[in-house]
Every structure is written in structure tokens, then in C-alpha cells.
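Per-chain residue numbering starts at 1, and chain names A, B, C and D are given in the order in which the chains are listed.
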């Protein structure tokens, strides 16, 4: 911390020193670049953190710039002009949030369609700006925009832009360090999984898009008085595309990378374009560059994209990691609040009745009927292809039911979204462990912890990253590697991932836990550990578990009640002995060496 | 029948079919391979310049067709190897890299041919009389050519096992290898086919457009809308997409004006992408 | 007399950091069926992926007819004389049933496979249908027939009977025995012990990524096998 | 995407080193430059080196250089040698402003000349704030009255006021159809056209606009024009749109009996349109390569001598900058300095050299000039009529 504070100061000093060190010229050149950099930071948040690509950032930049320009001309000038910052920043932010919400609602993906929608929007924005002469001044632009108070000469403009950039970077660092940043990164790796921890992924992504809108608004607010002119090109596709390119070059994943990219490419372009005037033999070169600088810049970012997937910032990854370690304060946990479960507490009553699922002509579930009504461990067994995992997928509505219904505590939950189910206290562990490989162990557990405890707004409070629960403490005792907070989940062994995923599922403290082969591929010791943990969870948390398992020895050991499935329907149920004695079951297991 | 209506109907057909022509290449690279190739427009543009070279050489216009295919094979192989293959797993980065490529190609062409507009003599002059409306013969030929090309492609697509192998590779790469398909080579060849189709389109439209380094920009964005709105890798989607994007533009231009048409196309595109993000006829 | 066709020595490897298979060796002669069994997640499928080049070998070598094929790309391995039925995503859903069967054999006619269709009439009925619409069992059969019909010296099968009705399992067994008689060699990974016993000459039981039990079918004690299957 | 470093923050120190360092490295030449010969008279010319208008770049550059060479050959400006600095005016307005500031601060440019679109002009005007004199040269919509800003461009009054009456009289035209791109220049021009057409006893039967950025195709519009069957079409689409419109127009056979006037028809665009599509197509501007005046011949001779047979195609967009730079030289000579007031005073009724003859700057900071009517039917723009000393019709105080 101490270190990074010092570095913050260093950065601020450096930025503020530019005019005195490098002179007016650089001050002015950089001041425009800084404004672009602020807008680029927004792209970084959406793309580098939340994992979706906005191709229309220019639209919000343009909108804000026109608002700011019109405001300064018609509403308030001079000192009062500064008050315009409020609406000019808020409006694009809110607009972006709403658009994001509308587009993302009811989806757990952000494929190319989102990028194209924003692209189409920015093309529209350009047309409106060009055609709406009376308001925007049309193609020639909105001219004679007065300066803001204290923005008269180049140096002032620079300082204002510089301070703005510092604020914007700080804003991004805060978001990225805050819980919401962690959740965004988790979301970008496995959106479906995030939903099962009770997050509304649409809202999360909309929030990122909204934050990007705020940043664009901030940049636009300063652009108008800085240039005294706003033209449609600002809202156009080329600007939007450049912002994306700069973010990629600088490093979309880091807080400061996008700004770095904007500054580097911005400076590079200007220098190649206007660098001439040395005289001597260089003139021919500069004449060439004056015409072909675009090609050089294009070549530059192709190379960065090919060889530096994390952009320029990626180069500093190691350094930075070690620096962080130097500066880290000891972890001081605080007790997390209890889970906010909707509906009845205590053991859940889950009832599937007559569930039919078919994909094409394939019958997956064939009138399945199950009842769980006490805090116990229910095992779901049956030959491969009997429909065990499909039962889980039906519960979590990834498979659409043609017939039948699912009730929780008497209330119909068939067709409810994953996050609703999680909110009702249903947790799930997937067959293939789906931890978030790019996050640390601590962050993986936190994501699970916050999902059912924190509201979206409180995800902005850094203190949430210190949350801890007795349950987690116990899990750390049972599985010591969980205490290695900063290990990256991607580096864990298969077994450790299985355990981590189970720990995450438990950390959410659900009332009903769906476990799909929690011991698959585990060593005997690990298996032992996992089983003990599950048994313990049942005792301590009064947890109801529905567990898919092939290993009969495990089933014998832990099952309070066994469901045997065959060809998508319930074949038999009862305690282990009863089931094993059942002829129908033996019949099914013919050939399976029963 | 009112010749105005006939002519505008022909315009409608021409708009849809000519858009189809320039989109075909992208339908292969993006639709089959999932390669978001922003340089598609520049491949079309390069095809047009092949036609220019052919004319300057004094060769007959049609000679440009084999020439552009040769040229595009080389181009496709080089681009796939250097730019596309390393990025298959990073679609968004691929988008950026090809955007960079498109700028490079534009500037290279500018350096080679200058930035000026080049006009080609229309290979087939005059116009045909159709239900009382006279329509330029060459545009009729473009439509005929496209339909023929399309028919060939579809025949190939549905018959030849090559098309089936591409589908197999895209749908299930691991099993594709399991049956012994060299996925690297197949992906490269598919990309090359896409490149050739783009170049071919460039040659065909060259005489009826303004050949200049920025030619490609006119097409690439609409091409993307067509593919995504229609649905990746779906033949029906390709038709639907061209119909919606090209047809709507032509229809509204005919009954209202170009500005409304432009706005409407964008709005409709947004609308479809919003409600059907996987496209109208997505491959399931 | 049967000659050694395929051999792998000290094969180790896994996914990323995790080592799943630890030093597994074995051989396969012409006209021989090697059965591999064991619980879920003990590394059977991983072993196949290592043998066929889907996963990089950490250690060990894989030889086909005396030629080292370890480290080759899967398509190269599989074109060099092995046909393969994976455990998951076993057919091309987007393609028709017949396309699945004729993908690499454009010249092939349905009657060429009449023998198989007589045994699995459902396939013949559904030749034009998209494979994605088949039931789980039918897919397994399609995948099985595809691999058998490749007429390559070796077939590798991962859980071929998973979710297949008993009568069809018996048909599969018959076909395998027939192919064996003609010199085809197979490596079959199965949990269905009865099936495995019905077709294989030698059995390997895996646990914890190692071979824990190995021998000629019938010579290895059933109880010990079941002990490892723990069912 | 899924690299571990994805979530890290680049340490601020590196950022400082990187950007600050880079900046310093790149900046240092700036200091050196400032020490360079201060007695040069620096003229910066903004021309289209990149962007869609870049096809004009080579001509613009050659013409600017030619002007400067001639001025220096004649002893420079007030004894100072003229140094030409070429800048890119084909970029976004904000970028152009950046370049302008650099030229003001780094190169201490004495006079700016610009041949670029109006958006960039607004950005430059906003940057200069009247501190440095600036001459704007290409064809435009009129209305630029900023202080210390001079315009040698063709104005709507000069193009439309002369061409329309002449065409209507010569061809006995009646109905007029307007086609333009959807932005300010075509709309302003069309307002002038409507007046001129009404005055000539014609009537407007249609008015169409194509958004910049919309697909470049005109089948529907041409078909509609055909149905309306006007005798005259006023074309204010630009660049590639201009090319494709006229191609389509002809290929649908409308060129047979409909006269076209394209407001931005210079030699390059005509090359794109092609001879086959130019029947009955006219342009009206202050420069055509084919103008046969002695000054024009002399200019072409000098131009070819300089550029040789690789000389880029001459056209108004290019020779305009030649006139602009000559104006800068003349006005500075007369004023004795580039002080705003002095220049303003000197500019009034100042004659200066253009590529075709002498133009006169008036007190409205616009130019009275000779306009030429060009007939493109032959595939070359041949002058068929000359309008002497046409006033700009601008009303700047």
C-alpha cells in the first residue's frame, strides 16, 4: 500500500509536470489525447473486465460533447458552465446502463451481436448529428463553443485534461479493485456459473456499460470547450473503432492500460504525421510518413495484437505483481452478513413431478418424479445416460421442460432463471469443475460469498473483499490449500479444483445443494476429505444435498436416501440396502457386474 | 404494368442479389469459420483492382475472373497463415487484426494505383426491355451471374463432402480430427474460398461502381449485418439477411428516400440483433 | 499368427498441470481386443487422448507398426490406421446420418454398409435424418458403425455401450468378434464388464491413473476387478 | 483474453516512465527545431494527405510547392525566403487542430492556407482565433466570415448564379431535379439552385439527399428521376457518390435527353465517371485544365516542367491552393507584416495570381473571379462559356 501510494503521487506529479518539462506544444497535444484516453478507459472496463466489446463508445462521447457544447452556448457559461458536468456525465451513463440492460436481459452471452448493435447505434448517431443542422450545426459542427472558466490557454487546458485523466484512472482502479471488478472478471470467464451464485449477469454487464458511458460523458464534457467545436465525426464509427484499438494496444485488462494505449498510439500517430521539418535527408521519409502514417500505426497494432495479447501493459505484468506483493497489507477479515434467502428457511421441500424433456427426438427425461423434503443427503444413481445430469440441467432450466413442474416449498419454480434459484437457496456444483481460472482462490470464494449476500450497489465497497465466514474458516482447516489466498485457480490441480468448487458451492450457504460427481477423478484421500466435508455440512448447516455419484461405495457411505434413475425416469428409491435388493435395479445393472 | 413499378422491382431484386454477391465471401469466412474478417471489403476492393489491371493490360474483362482467383488464393493463404490462424481462439483480437489489415491494404493500393477514381468500361453495354421497363443489360448479367454462382455453391455445399467436412470441423473439431480431417488445412482452404468469392465479387461489380481504395468500406458493414442478422452458417439466413438489409434499403429508397432507408436499415438491424442475437436461422 | 501392431510404453500425461495418467504401458496384436476398465475419472479416456495425440505426452512412447506416432497431430495418427469412437460428442450433429458415415468416403454407397444396416435397421431408416436428432443409443450405434466401417487395422472405442440397449450391445459384441476374426484389432474402454469379457482377449483395470490389474480375460479374478470397479 | 495478467493493474510507475519517457524522447527535436532559421517566412498548407479526399493530395502538394518556388524565385516575401510546410487536412477536425497548434507553437508559421472540408476549417478557425492569417481555398458553401480568415474558394453564387441561367437558356430547360448528399454544402447550393431555376422560369420536380456513409448506389433514385422525366438534374453528391450516380444515370439511359450539372465536377471525378457516362454532363468552376488563357498555359507549362510526365492530374482542388498561397504572398508584401489589422487593410481589392488569371480579393474577404462552364461530354471538361469577374455574393463585414 505504502509503495503504491508513493507511486500514485509520482504519477500525478509526472502528469502535472508535462507543461513545464515538455512545453506548451506537448501540453496541448496530450490534452486532447487525454480526453480520448478517458473514453478509452470505458472500453477497457467493458471489454477487459466484463468481457463484451462495445463498438459504439463514440456515440456516448459525441452525445456528451454536443450536450456540453449546447449547454455552454445556450445555458450556462463561465464558472457556472462547470455545473454542466453533472447532467453531461449522468445522461450518457444512465442511457448506456438502460441500453445495456435492454440488450443483455434474459441472456447469458455477449457474442458479436452486442458489438454490432452498438456499431449500428453509433452509425445512427453520426447520421443524426450530420442531418440535424438546426441543433448540431450539421456536418460543419457546433462552432463557437465558449471556453470553460479557467480554460483559456493551452496550459490550462492541459492541466484540466490531466487532472480529469487522473480522476478517471482512479475511478477505474477503484472499480477494478472493488468487488464488482472481481465479479466482472469472473463473469467474463464463465457467465453461466456466475448466474448460479445468484448474480443478475445482465445488470452486471449493464453496469459496466453504464460506467463506460459515464467516462465517455466526462471526456465529452471537456472535449467541447477544449476544442470550441464539436463535429459529427466524434460520434462516428472511426472514433469508436480507434477507442477499441487503443484499449487493445495498451492492455484492456489493466486499469491504466487503455489510457496508456490511447496516449501511445495518439502520440505515435501525431509524431508520424506531423513529425517532419527536420530538413536534411529525412524529408523524403517524413513526406512518405505524412501520407502513410496510418499504415505504420496499423502495422504497429497488428503486431501488438498478435504478440502481446495483454497489450503494452501486459509487459509490466510480472513487475507489477511483485510490486503489489511488496505493498500488500496483512489480510484483516471481517464477518460477512448472513445470506439473504427469499422464502422459507429450514430444509427445502423440492418436488419434481412428471418432468418430460426431449431434444429433437431424443427423450431425455421421461416423466421423472422426485421428492426431497428433509435435511438429508439424497443420491441420484443410475447407468450412464439415465438422465441424472439432465435432471440437474432441468432444475436449472438449461433444459426446457415440455411437461411437468418443479416446486420448491410448494411454489412453482420451473423456468426460473439461475440467479432466482440461487436467491431461493439452491446451489450447484458442476460435473467439470468450473472455477474461475484467472481469479485467485480468495476471489473465487468471495464471488460465491457475495452472490447471495451483497446487493449490486454494495459490490462497490472494497471492504467486501475482507469478508469471511465461520464456514470458510472451517473449510480452510479441512483443506489447507484454500488458505493460500493469492494462488490463481488456474494453477490448481484437478483435485484442488474439485475441492475449491465444492467450497464455493458451500460458501454460498444454500439450503439445497446439487452436486454432480464431486469426487470424480479424486484420489482416495481427497475423496475422503470431500465426503467428510459434505457430511459435516449436512450436520452443521442442516443442508439438503442432491448428489449424483457412480461410486456405490460412496453412496453406501453417505446416502440417507437413494434415487435410481433409468431411461429418464425414476426406477426405484429408498435407502441403500432396499435399493440394492431391488430386482428392477439389479435388472438395469445387468452387465454392470452387479 | 407500370414500368416504374417494374423497374423498381428490378432494382429491388438487383439490390438484394448484388448484396448477396458481395456478402458470399464473408458468409464463408464468418458464417462457416467464425472468422470476423473486417478486411472482407478490402478483398472485394482488391478484386476490383484486378479488373483494372486486366483492362490496362488490354486483356478482355472476363480474363479478370481467373486472374483474381489466382491472386486471391495466394492472398488468402498468406493472410490465413500470418494473421488468422494464430487468432482463431481470440475472435475479438481477430476482429482488430483484420481491421488493421484493411487499413494496410487500402494504403498499399493507394501507393500502387494512387487514390484516384478509376472507371472501367462496362463489358456489356445497352439495356434490355422487361415488361416495358428497360434495364441495363450488365446489371441483369450480374444478377444472372450471382444466381449461377450461388447455384453452384449450393450444389457444392449440399453435395460435396468438402462442404460437409467444413460443417463437421466447425461443429465438432475433435471428432473431425478423429475421422482424420486435417483441420488446419481445411480451415485454410475454406478461408481461401471466402477470399476468392470476395475477389470475384469485386471483379463483377467493378464496372458499375467507383473503383478507389475506399471501395471496400461501402460493403463491409452491411455484409456483417447480413451475416449476423441472418444467422451464422445458415444458407437460409444468408438469403434472409440480404433480403432484409438490401431489400429494405431498396424498397424504402424507392417509396420514400435514401435517408429514411438508411435509418430504417440500421434500426431494423438493431431490432433483429436485439431480439434474435443468434440470427434468424442460426445453426443449432 | 498374430503380430504386434501397436504398443505404448510408460505413457504419462494429463490436462495442464494435472498428471492424470501415470506410466501406462501395453501392446496390441492383430486380431486382438484389449479391454480397459475402471471407475469414472481414473484416467481411461485421458489415456486414449494421450495415445491418439489429443493430449501431449509427458513421458513415454506410442508406436504403430514399429513407427513412433507419439506427438503427431490426432488427424495424422488416425489417418495412419486407427479409427476412433470418442466418449462424448460422438457424431456430427449438423450432418445427416449418411453424411456421418460417408464423410471420408465420398464414393461409398449405402449398400456397401448393408451388413451393418441389416443388424441396426434403425440406421437405415434414418439415413437422411440429421444425426443431432438421434437418441443417445442411436448415436452410439452410429458412431460404432462409423468406426467399424472405416476398415482400418485398429479401432479405439471409448464406452461404446454407454446407454445402448442390451440387444444392440450383443450385436456390437458379435460384430467385434467377426472383425477380430478378420484380423482387426481393438482397444475398448468400458465400464460394462460383461461386454468387455465377451469381446476382449486381455483386460487392463485402471485406478488412480495406473494399471492396477492386467491379464488374459478369464485369468484375472473377477472379484478383484469388481473390487476396483466398486459397484 | 484469458491470461492471468488480465486482471492486473499496470503499476503507475511504469506508466509514468513509459509515457513521460516516450514524450520526452519525441519532444526533444521540437526544441532543436525552434532554434532554426527564424527569418524564413513559413506558410503551412493543410491538404488531404489521407482520408477519402486524399486523391487530391498529390496535385495539391505539387501546386503548393510550385507557388512557393515561384514566389522565392521572385525574391520571396519582403526579402524573406518562403518555407512551405505541408500538413494533413484529411484527418478529423480535432486532429487537424492539434497539427495547427503544433505549427503555431513549434514552427511559428506566419500564414496558413487550407484546402480541406468545412468541418476542419471550423476547427482551424477555432484554433487560430484570428491570431494568424488563414486563407481557405476549395469550393464551399459560403458564409465563412471569421476575422483574419480569407476565402479564395468558389461560392454558390459564383457557380449556380452563372451556370443555371446559361444552361436553361442554351438547352431550353424546364423541370429540375435535385440530387445531393445529405449535409450542409448540397443543401445550401440547392437553395441557390431553386432561386436560379425559378428565375429562369423552370420548376423543381424533385429533391433527394443521400446520407454520407449510406451505401453508394443510385438505382432507385435514377429510376424515380426517369419517371419524373425532368429536363435538368442538379447533382451535388460528392466524390465516389458523384462517380456512381453519374455512371448509374447513364447506364439507365437518362443521359440521352437529360442535362446534368455537377457542382463538384473536376478532372479526377470525371476520370472516375468515364467518357461513356458523361453525355450532357456539365460543370461550372473557376478552374479547368482546358482553360486556354495565357496565364493558364503558363501555369501548366511551369507545372509540367516541375513534375514531368508523372505529373498528377490538375484540377480545381489543387490549383486552389496555388491561388491561396499567392494571395498570402501578395497580401503580406502589401501589408509589410502579418499583423491582423495590416493584412485586413491590405487585402481589400487586392489582385493576386491564380492558376488561370488574376483574381481580386474584396472587402468581404471573398474573391471576384472568372468562372468557366465545362462540357464533359467528350470525356474531357471543355470550356464552352466564360463568365468574367463574377462576384462571390458573400456578405462578410
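In this text, contacts are C-beta pairs under 8 Å (C-beta built on N, C-alpha and C of every residue); 3 or more make two chains touch, one makes a residue touch a chain.
This structure is a prediction, so every number in the text was calculated from the model and none was measured.
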Requested in this report: If every step must land on a chain the current one touches, say how few steps get you from subunit C to subunit D.
Outcome: 2
Report task. With centres defined as the mean of C-alpha atoms, identify the chain lying farthest from subunit D. Result -> C
**Report entry** Chain pair showing more contacts of the two, B-D and A-B
**Finding:** B-D
Report summary line: Taking each chain's mean CA coordinate, subunit A and subunit B are separated, in whole Å, by 35
**Report entry** Centre distance in Å when subunit B and subunit C are each reduced to the mean of their C-alpha atoms
**Finding:** 43
Query - Gap in Å, rounded to a whole number, between the CA centres of subunit D and subunit A - result: 49
Query raised in the report: At which residue positions does subunit D touch at least two other chains?
Result: 1, 54, 57, 182, 211, 213
Report summary line: Residues of subunit B that touch at least two other chains are 90, 92-93, 110, 259, 262
Report summary line: Where subunit A touches two or more other chains simultaneously, the residues are 123, 127, 131, 291, 294, 309, 490
Requested in this report: Let me know each pair of chains that touch one another.
Outcome: A-B, A-C, A-D, B-C, B-D
**Report entry** Residue ranges of subunit A in contact with subunit D within the complex
**Finding:** 4, 7-8, 10-11, 14-15, 17-18, 21-26, 28-30, 32, 48-49, 51, 123, 126-127, 130-131, 133, 138-141, 143-144, 154, 173, 176-177, 181, 185, 188-189, 223, 227-229, 231-234, 238-239, 251, 253-257, 259-260, 263-264, 267, 269-271, 273-279, 287, 290-291, 293-294, 309-310, 312-314, 316-317, 319-321, 323-324, 437-439, 488, 490
**Report entry** Touching residues on subunit B, where the partner in the complex is subunit D
**Finding:** 4, 7-8, 11, 14-15, 90, 92-93, 110, 114-122, 125, 127, 134-136, 138-139, 208-212, 214-215, 218, 222, 249-250, 253-254, 257-259, 261-262
Query raised in the report: In the complex formed with subunit B, which residues of subunit A make contact?
Result: 47, 53, 102-103, 107, 109, 111-117, 119-121, 123-124, 127, 131, 237, 241, 244-245, 248, 291-292, 294-295, 297-299, 301-302, 305-306, 309
Requested in this report: Would you tell me which residues of subunit D are touching subunit B in their complex?
Outcome: 1, 52, 54-55, 57-58, 182, 208-211, 213-217, 219-221, 223-224, 226-227, 239-240, 243-244, 247-248, 251-253, 268-269, 271-274, 276-277, 312-313
Report task. Spell out the part of subunit C that touches subunit A in their complex, as residue ranges. Result -> 14-18, 20, 39-43, 130, 132-137, 159, 161-163, 166, 169, 191-195, 208, 222, 225-226, 229-231
